[in-house]
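Look for chain A in each of the two complexes below; its partner is chain B in the first and chain C in the second.
Then we have the complex of A and B:
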């Protein structure tokens, strides 16, 4: 039975949401300073307006909802969802004011795509945008990869007690690396900032060597890093990573987005010296297997098409696109339409499969995720073994994920439930695309790409697509990123306001 | 739906006309939609140079956009009219010097006409789709763009400022003091 939330409950939700929104507003300082630095006055004013709107909403909510009640589990998920909704609506203000979007819905689409690290976009004339505006795209995607709650936790909740954990787990980062959740959040930041420095430096040096001016090389180095490590897929030019025409640059991108797709607990284990985790982790093993399968499918399709006659381009294009899909990044070195006009159905299916599976849990990646695939496979094998063993024998399975774990039936149940939810969503979004008049394979490709937070497109996603499909994609990106629970908790909350007792 | 039919029609018409000419004048959309038809053929292509010229030894990579913004970008006051669209072009480094202005927020880039062989998946350049240009000329010079914020920007800023001051004030007054 769901209890009707009291006024005090609403106040708790409003109060903490207000706090998190101030954190989101604080992020706008980065694009604002970028515009000021490059003397983009109009853009600077737009970001100042956005920032002030966040402060107004954030402090306004806190003033309205001042409360002494403690944060409890039933509030956690609802706070996370309402924060995401408000962050998306407010984050779209500077986008919309910039004039680069066809509608407010388009601006919302891009903020949601950024925060969920998807990478699809409806921004138009990307090749002429101010640096401040581009900076906002990458700040959104990088912050979204870390989790906006994680950011708010690190910055705004000094020394608050255990109730905060309920916020943290809502964003799909339930692995606690350290006993204290704030410490965990900070640790995620330390790992990410380490990668940020190294990755940006490597990409910048590479971009300089490829013929970019120092300032542009630095900006592109930073932005491509942010797009890659967050497995986001935004890139500074409309050509995505095809812009660079360089094997070295592509290898750097792959290293960074694969790193971003690893579980933060694995990062932490390696960081603290246990390299063996890379070899033993069940999620990485699962990733290796599915990567092999989907690369093979894609390669067979491409080989049949006879498009790439030489070995190196063949391997380079295949692996880049499959890895980009499998890590749910969305970087591409071919035109979106080339998937349809040059690659064809089988490679598209291979990439769809990779996107559906996705990468590691508790990372920046989306999709069903390796751990769930591994658990389902293990549980299936366990059942087969049970069927073939004498009734008296006890059959158990183990797997290694940071530590050795026993396969428990209720774990399998939860895992199956989320997996089925993902598959259902992929089916629904494909049908929605077909209803809007697109061919089924294209509807499936872009739909799965949105719902798995990947961002690859075969050309369906465009400013001219029907509004209803844009709304469906926004919802799917959100559901996929939150892994359903937090979003449904918000719906449940609203429902119990209407119907609860 | 109507739009895609229209595109198809354009593709068909262009394909029909161009098979007669030696160096066909084509758009990036046509080349991307029908790469197999054009692969290995000499084409003439016109677009706005954007970003920068990336020099690699004696070659240069240019990116030429032949989209709605080649004549005027959103930065110059145009309305949104769809995504960017263009092609990557490889030119001899010496020849590429004629291009001096590249499109970005502050610039409307030079509009450049190139002719050369179109490669649907160039084996020489990692399988990228490109044009190996043998001829290049600037059709229209680029320009520096000026961006002055309009009055409406300041009005919105003022409204947001007033709202933020009110909210912070209300919070400070209601906040429990300890």
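Then we have the complex of A and C:
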């Protein structure tokens, strides 16, 4: 039985959602400033309109729902889901006003893709968009990578009760880097900003070496960093990172997006002196094993196709695409349609497998996550050992993830539940693609890419795709990023309003 | 990492530099990890090419 939420419950949800939306509006100051800096007046007006809409919605909700009731567990997840919906709808305003999108749905698609760090896009004429508009794409993806709730927790929340942990965990992050959730959120930003400085500097120097003029090099360095570290996959050019044609640039991208796919708790452990974490962490071991498996599958398919006969392009293209898929980044160094017309089924299946697994939990990455693969594998091995041992023996398993942990049945159950939910979603989204008239492999590739928040495309995702498929992809991106729980909590909340007691 | 001075209050410039140095070596350690992982995979991929798939 679900209890019908009281008016006070609705007020708590509305009040804190309003606060988060103010935070989202504050982010629009960055693209607005960029537009003003480059004298892009029309774009500046678009962002001023979006900013005003966010502030009006945020302050309006706070005024309407003013409450002193404490934030509780049942509110936390609902606030997260509601905030993401509102942030997407309001964040799409400047996109839509820009004229670079065919419809408001297309603009919503790109905002959801950015916030969930997916990287699929329906924006038209990307190579000629104003700097302000491009800045918003990357701010969305960088902020979404850390989490819009993490941003709000960093700056806007103080002493609001026990529900604050559920705000944090509702965005698919469970590990606390420090005992205090707000300190954890701030630490996530310390890590991200540390990498932002180092990564942007390296990419800017590389872009300068490629002959870009300084301001352009800085913008490209910053934007590509944001797309890479957030495992977002947005790039400032329509040819994605293939546009740079530079091995050094690609290596830097790989370093940044693999680093972005690491668990923030692992970052913090390494940054505070525990270098051994990179060797001992079960999630990273799992990632190394699955990376090896999917690299081999892809390489076998490509070697048989005879597409690349020289070693360097063969290794370079294979490793880049598999790593991009496995970390759910979505950067590419080949034309989208080449996956179908040149790479063929086996390499595509290799990348689909990598995308499904994804990278680390509590990172910017999507997918099932390495920790879940590791826990399921450990649990399976534990059951085999149990079957082969005397009945009286007690068989336990341990694993290392920042600290040593015992494998508990409850953990396995939760992990299996989320894994099954992900696999079901991949199946449903593939069927939806086939129903829209696309071949099964292409429907599976782009569908899995959306649901795992990757962003690689074999050419299916385009403004001309059916609207119903766009809606399915938007929902899949949202569900994948929230890891189901927060979205289902919102549905449950709505249901309990109707049918609760 | 707590970069505040042991005597309380704001961290001294030396302590700030030490903290930055620790963070920088953390970033370098992660970059080296990625390069090592990539190198291992490259060898495996190369072996596939040499074996003809």
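In this text, the second predicted complex is superposed on the first by the 495 of 501 C-alpha atoms of A that agree within 3 Å, B and C clash if a C-alpha of one lies under 4 Å from a C-alpha of the other, contacts with A are read in each partner's own complex, and residues count from 1 in each chain.
Going forward, a residue touches a chain if its C-beta (ideal position, glycine included) is under 8 Å from a C-beta of that chain, and two chains touch if they have at least 3 such contacts.
Note that this is a predicted model, so its numbers are computed, not measured.
Of the two partner chains, chain B is the only one touched by A:247; chain C is not.
Once the two complexes are laid over each other on the shared chain, residue contacts for A:230 go to neither chain B nor chain C.
Judged by the touch definition given at the top, the superposed model places A:238 against chain B, while chain C stays out of reach.
Which of chain B and chain C touches more residues of chain A is settled by the count: it is B. With both structures placed on the common chain, the touch criterion links A:323 to chain C but leaves chain B unconnected. Of the two partner chains placed by the overlay, only chain B lies in contact with A:97; chain C stays clear of it. When the shared chain is aligned, chain B and chain C each come close enough to touch A:314.
Of the two partner chains, chain C is the only one that A:267 touches; chain B does not reach it. Residues 308, 314 of chain A lie at the contact with chain B in one complex and at the contact with chain C in the other.
Chain B meets chain A in the complex at residues 1, 3, 32-36, 50-56, 60-61, 63, 65, 67, 69, 73-76, 78, 80-86, 88, 103-105, 120-121, 123, 125-129, 147-150, 153-154, 156-157, 160-161, 163-164, 166-168, 170-171, 173-176.
The part of chain A that touches chain C in the complex is made up of residues 194-195, 198, 254-255, 258-259, 262, 267, 270-273, 275, 278, 288, 291-292, 295-296, 299-304, 308, 311, 314-315, 318-319, 322-323.
Within the complex, the chain A residues that touch chain B are 40-42, 45-46, 48-50, 52-53, 55-60, 62-64, 66, 97, 99-102, 124-131, 210-213, 216, 237-239, 242-245, 247, 307-310, 312-314, 316-317, 333-335, 337-338, 341-342, 437, 462-464.
Listing the residues of chain C that touch chain A in their complex gives 1, 22-24, 26-27, 29-31, 33-35, 37-38, 40-42, 44-46, 48-49, 51-53.
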